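This is the structure I have questions about; it appears just below.
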Amino acid sequence: MVRIGIIGASGYIGAELVRLLVNHPEVDLTLVSSRQYAGKPLTQAFPHLAGRTELVCEDITSLEASGRADLFFTAVPHQTAMTVVPELLAGGARVVDLSADFRLHDRQIYEQWYQTHSAPELLAVAVYGLPEIHRSAIVDARLVANPGCYPTSVLLALAPLLKAGCLDAHSLIIDAKSGASGAGRAAQAATLYCEVTDGFRAYKVAEHRHTPEIEQELSQLCGHALTVSFTPHLAPMSRGMLSTIYATLIGDHGQAELTQIMTEFYRDEPFIRVFSDGQLPATQYVRGSNFCDLALRLDRRNRRVIILAALDNLVKGAAGQAIQNMNLLCGFPEDQGLRVMPLFP
Amino acid sequence: MVRIGIIGASGYIGAELVRLLVNHPEVDLTLVSSRQYAGKPLTQAFPHLAGRTELVCEDITSLEASGRADLFFTAVPHQTAMTVVPELLAGGARVVDLSADFRLHDRQIYEQWYQTHSAPELLAVAVYGLPEIHRSAIVDARLVANPGCYPTSVLLALAPLLKAGCLDAHSLIIDAKSGASGAGRAAQAATLYCEVTDGFRAYKVAEHRHTPEIEQELSQLCGHALTVSFTPHLAPMSRGMLSTIYATLIGDHGQAELTQIMTEFYRDEPFIRVFSDGQLPATQYVRGSNFCDLALRLDRRNRRVIILAALDNLVKGAAGQAIQNMNLLCGFPEDQGLRVMPLFP
Amino acid sequence: MVRIGIIGASGYIGAELVRLLVNHPEVDLTLVSSRQYAGKPLTQAFPHLAGRTELVCEDITSLEASGRADLFFTAVPHQTAMTVVPELLAGGARVVDLSADFRLHDRQIYEQWYQTHSAPELLAVAVYGLPEIHRSAIVDARLVANPGCYPTSVLLALAPLLKAGCLDAHSLIIDAKSGASGAGRAAQAATLYCEVTDGFRAYKVAEHRHTPEIEQELSQLCGHALTVSFTPHLAPMSRGMLSTIYATLIGDHGQAELTQIMTEFYRDEPFIRVFSDGQLPATQYVRGSNFCDLALRLDRRNRRVIILAALDNLVKGAAGQAIQNMNLLCGFPEDQGLRVMPLFP
Amino acid sequence: MVRIGIIGASGYIGAELVRLLVNHPEVDLTLVSSRQYAGKPLTQAFPHLAGRTELVCEDITSLEASGRADLFFTAVPHQTAMTVVPELLAGGARVVDLSADFRLHDRQIYEQWYQTHSAPELLAVAVYGLPEIHRSAIVDARLVANPGCYPTSVLLALAPLLKAGCLDAHSLIIDAKSGASGAGRAAQAATLYCEVTDGFRAYKVAEHRHTPEIEQELSQLCGHALTVSFTPHLAPMSRGMLSTIYATLIGDHGQAELTQIMTEFYRDEPFIRVFSDGQLPATQYVRGSNFCDLALRLDRRNRRVIILAALDNLVKGAAGQAIQNMNLLCGFPEDQGLRVMPLFP
């Protein structure tokens, strides 16, 4: 049994890690940290976990945590992660970090979109944890930077056709919609029930911090620098993310051929479902699961390809993908503990 | 008092017309038709109207309806409207039609996206009822074709900058999100509560029938033919529509100047609110009202303008705009009966 | 024009007062106070009010506020109200207080359920502002204690049959369900969107502070002391309250006769709708309006009467009722500014 | 491997059976029937199941189905079940029926609340499938009548204290709230998204068909006949059921002792969680799981016990409990395939 610690267990992502790990047959959850709930059972923060875990939250430094687990998930805010992760690594553990702190390879770009980086030496060490693209590198990593939810949906959507040269890399427009759980569990008026329900809005238009992460990975996929227009929206739902992506077609492939390229690209992937039967992805079809559903349409009148990607922002967009990375790091079957089905309705 | 009849009163738009008209001081609602509720009080279909109307639904032909009202709202499906409207007009009444049947000037385009048109001679008679653009023509119309909800949001969003020549007319991408009331009150599995809630999906990607309506009006605004990419989505909310529109900038205006152009364009409009103070439109801020809220952002890195438009699809997107048109037709103050405030939260 | 001030305008109830008052023809809103938004336009707190009010929030003491309005609504938390209201009254204004501070006549009971009362002399001055029961006393009041949302629904539901002696006063069980807006706009984790949506829970079972308020008024109605069992629940909706009330039948009235008693009792009330046609109240039929909808069923097998009451907790349960009280205080038609229709769907 | 057939697989309960069974290690799903989707992959009805099942729906008679599976789940409407089940049993299979047709032991009572029963001889054969109460009888059953969702929550809530003699059996009032999935997937206007969202209503007050089922089982628990008042409500959520139950206390136990009796009663149950730490059950804490969460409060002022029970109506209230029964019938561990955690948020 591999011993697992979660640093930052009282947020939605922490809870989601616990939900999935308690049914994972090859790991032992030995440590959950939370400042807010220190000394209290984790089930006080999350009554839904009752009956399946007796863990008590600890307020613990990374140094004290070292040695208590073989692998840590760090589910703390960016800027906190960069102070915690180095000590955990120094203690000999491997780390899957769910913050943004180690996703960007270029320190300058990081500091331009976030703030000063206190552990820049780790930027070259960290592997970007999108298994469908970087699987072989993840296997040997000490530190995996778990992708953001928006980038996961966008990269999985664009990788096949962008690599195949079917899309004009300078035409990319990403219109993404997320549920409210992406905003976390901290008390704030903006995500109160009454502010979100029966409403829809854009936010951080053309200035969201996931932009450079998307651009870094897309640039790598197509072999040259590019920029994208990225507009995130808040939808009145708890979980779920749908990205609608617009790109100008290069060449004269038809819709069926383009879909075929995408299907081939993900043929052996356990978590990618490409819809080729006329149905369209919908977030309710992936809820609670590690699936990312994809489909595309060709807008012939305008020679644009429209790609749709749906995932659960807390699972494939966070905790599920982190466990998928853990499985790769530990040599477990990649879908171990992740065969949980979508919950619909 | 002007006598008003509603043909098709048992749908959501019909109910919305009644909600607003019972508080309109210059009209008298004399007739509501509904096949399904014929002989029954309208409040049996819509208990929320109880106490404010005693109207009984009638199953009535257009011929019989003629003479019973001075102005009719026809809130019936397209294809039905084209059989009803001619007789109502022949009877001497004016008509505000809320279907798609008289919105397109070009019969061929109509028949390509819908089906055969049985009253094509009225296509030249009908005035497209978007008051902010066609106010003077509406005033003298016999037949007003009330715009679709999506087109209303898109046209109001694009008119100022497109007319000002600031946008590349061939770059337009419209990513629109609507609440479920747009699908109507007919029983269908696809819009059951459980299918819609906590979920998000696109539908009719690049093939929605509002596309030619949008293109007709935008082409007229910019003086030449254009096509757009249009992707509608279904959001888990009852009312509300948010359109996020992407266009390549022409010229070197900054965000503030572009916002200023938009603000000026709508300076005297009672129902258009341009947000210039950093806030972004949200559907919950217009719920139940006839407002359309607008804002824009300049994505400098990609020289794209991103325009956001929010409205209530049943009000400014349907019944409210229809009453606005009625006010113009009847010489009432344009906001008579429409000063109802948004309901938030 | 009567000058109106709102102390505490940045909560949901404050916003609701403004929504309704801007369309009230006989008042002039001269002052809105808010510590949090002091110096900022009210529309920054509530963008939905944009275009209809230019008011700027003030951080103002009650002393400074005195003289700036003829009538004040105080929409501040209990315990704050008792410090603000005396000064406003001393300044010569009349006050409709929306807190709990002046609803209980008995200081001891107040202090047992809340905390020490610093203005107990006003308890005898205040009139309990439920117009359907205390209309004549309200007309002459200087201080109106606007009822709580739960008590309003319960008292309107029980008054007719309790006064008529049809119910065993010691059998009353109240199972009430409220939307999340009742919890206010303050940031707190418990009312985040993700905590409330797609969920249902009871809270403060048998210990909610509205209990003594309900008991005081019911006791007065039936002429002797009584206690009730009261269980509030949080439903995943923004607005709306449904109370399901169980009482043992006295006598042998049938369902139709009991409904008839209720209908008679409220015959001339503009805001009470008794459903006698087989339909049941639902919160969506009163949303945004000042209606309280009532119906009852007789459970013959158990000789129990089950009464259902639906209202909008922010309107008839707070701001709407407060304006109804204002209308009485000022001699305006009782439904002035309150003819706004329910918003459905 | 035990071969499993599902008759009626295109409803929400059918889909839920599939969701859980595809991860059950000891069964093989060999047949799914659906008239509506006959000849089509099950994933066309339920895209969320894509990638995990290749099953094609069949329109099949019970006779043809016989022999294709060792155990059948019948998830068809009542009245259909009574025609299907006898043939499946005759074919040698065991059956877990999810309709109401075999829950009531007394034919007369069945026919009074439903309609004529065409297979009354099976009423004595069927075992009421509430494992926590009837486990030993279920083990040997040929036909298990899977309990209704409301009765499951009510019986689990009341069994401990009723058996212990702490409650006045003639005082029982059940106020229950359910999500919309209980109404099924058939197209009907009453459960459209717009009719349900942001609303709350009671229905079938004092006349719901689950009443005799509750009374049958409660009578058996306490040893004498009793009747209850039962009011179901529709809450704006997809899944979830909360029952709030009122009973007059007998004896002088305190809240802690009563909770202790309940805790003891369910000490070894894998799916019952009694909250004794101050928290209250909430439907969002059981979503998607087979848990039933319980807690109670003593209303000392009125000597009433208030019991709260939360479960997922599609899992412990239907498909999950059916699989729990299957596990008992087949000698599998009772929680096999049912250790799936609640999905929160």
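Each chain gets a letter, A, B, C and D, in the order it is written, and its residues are counted from 1.
In this section, a contact is a pair of C-beta atoms (placed from the backbone, for glycine too) under 8 Å apart; a residue touches a chain by one contact, two chains touch by 3 or more.
Not measured: the values here are computed from a predicted model.
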| item | value |
| --- | --- |
| Any chain that touches subunit C and subunit B | A, D |
| B-D against A-D, pair bridged by the larger set of C-beta contacts | A-D |
| Distance from the mean Cα position of subunit B to that of subunit A, given in whole angstrom | 38 |
| Centroid spacing, where centroids are CA-atom means, of subunit B and subunit D in whole angstrom | 45 |
| Centroid spacing, where centroids are CA-atom means, of subunit A and subunit D in whole angstrom | 36 |
| Contacts with 2+ other chains: residues of subunit C | 12, 179, 181, 194-195, 197-198, 236-239, 282, 284, 287, 345 |
| Contacting residues of subunit B [partner subunit A, same complex] | 173, 175, 177, 179, 194-195, 197-203, 205-206, 227-229, 231, 233, 235-240, 242, 244, 246, 280-285, 287, 297-302, 304, 306, 308, 310, 345 |
| In the complex with subunit A, residue positions of subunit C that touch it | 12, 179-181, 185-189, 191-198, 236-238 |
| Partner subunit C, residues of subunit B touching it in the complex | 12, 15, 19-20, 22-23, 44, 46-52, 181, 197-198, 238-239, 273, 275, 277, 279, 282, 284-289, 291, 293, 339-345 |
